[in-house]
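Read through the structure below, which is laid out as structure tokens, and then see the notes.
First chain written, first letter: the chains are A, B, C and D, and each begins at residue 1.
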């Protein structure tokens, strides 16, 4: 194996485009949301708490974003039976709550987005709108 | 959407009125309580631990107050099946334990109150007495 | 030495009397304050953040109350040269900031009060008003 | 004193306007920044870490934003001699580092902005650009 490999990272232009698209989608649904975007190491790149969103959903949205970035898959991919055990072993950092999606561009995993304050379906819809805004992989 | 919106906040006169009413209600029940009052962002405005109340109930009372302020509803509104998952994803901050109520005046959410050390019914009764003292919405 | 000794503790009636007196004194000064009262083990018995007080002063007021309860003396009794070292060694829990006073009744140390958001002189004046309200030792 | 008082809060439209203006100002300076916006109780409303900004500056930017919101003044208003003591007593939450400004609209304190990763002067310039974008008081 080579000592280094090429990768990509998400710029702040990408983050702003995602936040704007997520807010627009949440406004269209009439459901204020907390939206958190992290890089491939789980560090926050950007976030917004919409007017009327639950302030504690910032924490669950962050957990969703970090989980999705860590596993490279939607948070809901974690098997239901395993969720309490993995949550306990990671201090709650790995969550199976719906609303966390990986950010992958041209097949390269570059981060995760987590959305929380609505139903799981609403959270996922808002996250997908953000991914579309930067042409991320489905 | 405008850059700012009008809202209300709870004054310390309101907090003292709530604490006094809660203590009186708890004394009438013969059940010492921990009572915590937070603002709409979950920051503590006031609290008291009554003589004989469990000191660790300060923590659960705080979680109840913050949860109610965050969701704008009683803590018991959180669906039972979701509780362990949401608790884990928020480091235990979101709780479904009875005894947390939102503080809403003229329809405006201005905070939350959490009561702990008694049974769920006792905790809720004490919280309701505090809300009545300031003419908060039911 | 006997295996147990008699002591006293501060009731919630005492805590409410102290909070009310402190708030009245702060209103008379025109300086909103954060006021924290702890027991002889440093556990919070009661607190209030007045309207317009700095929310981060809750933390320093808590440190002042715990320091005074721990050392059984005003926070300012800690020698100036030692302050940074003791603060570092206790994670900031021991503070020499003015505004922390021990609560002592009939010579028995039963807790501490910490006040923060004003000048050190204002903080100390408000703490003294609270002590007077329960007939605590000077 | 009434039990509630009227106030204002910053909407997410305001937060997005501030983040966009801050990013534009930082790009014009050629200095990537971490920008954090909090409400009047210090809870995060929005943040962005620009491409090339120091990731640990997220923490100092958050402390700057919370300090400015708490004291209702620029972080640099904290007297230099007091800084180490107040920082210690608040677990590092109160900072005198330049780059934190209060957000005040029509005289009402509604939050704080913290900027970090550049020099103090650059941080302050970027924060001021964000305030201008929503017509906040100087």
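One rule holds for everything that comes next: a residue touches a chain if its C-beta (ideal position, glycine included) is under 8 Å from a C-beta of that chain, and two chains touch if they have at least 3 such contacts.
Keep in mind that what you see is a predicted model, and the values were worked out from it rather than measured.
Examine where the copies chain A and chain B touch and state whether the two sides share over half of their residue numbers (same) or under half (different).
Different, since most residue numbers here occur in only one copy.
In terms of residue-numbered contact pairs, which of A-D, A-B or B-D coincides with C-D for over half of them?
Duplicate interface of C-D: A-B.
Between chain B and chain C, tell me the centre distance in angstrom, where each centre is the average of that chain's C-alpha atoms.
25
Just the number, please: Cα centre separation of chain A and chain B in whole Å.
Here chain A and chain B have centroids separated by 30 Å.
Compute the distance, rounded to whole Å, between the mean C-alpha positions of chain A and chain C.
So the centre of chain A lies 44 Å away from the centre of chain C.
Out of chain B, which residues touch more than one other chain, so two or more?
Within chain B, residues 1, 5, 9, 11-12, 41-43 contact more than one other chain.
By the document's touch definition, which label belongs to this structure's chain graph: line, ring, star, complete, or other?
other
Determine which chains touch and list them pairwise.
The complete list of chain pairs in contact reads A-B, A-D, B-C, B-D, C-D.
Along chain C, where are the residues that touch chain B in the complex?
For chain C paired with chain B, touching residues are 9, 11-12, 15-16, 19-20, 23, 32, 43-51, 55, 58.
In the complex, go through chain D and note every residue touching chain C.
Residue list for chain D touching chain C: 1, 5, 41-42, 66-67, 69-72, 84-94.
Considering the complex alone, what residue numbers of chain C touch chain D?
51, 54-57, 59-60, 63-64, 83-84, 87-88, 91-92, 95-97
Using the touch definition up top, name the residues of chain D that touch chain B in the complex.
Contacts found on chain D: 1-14, 17, 39-43, 105, 110, 134-135.
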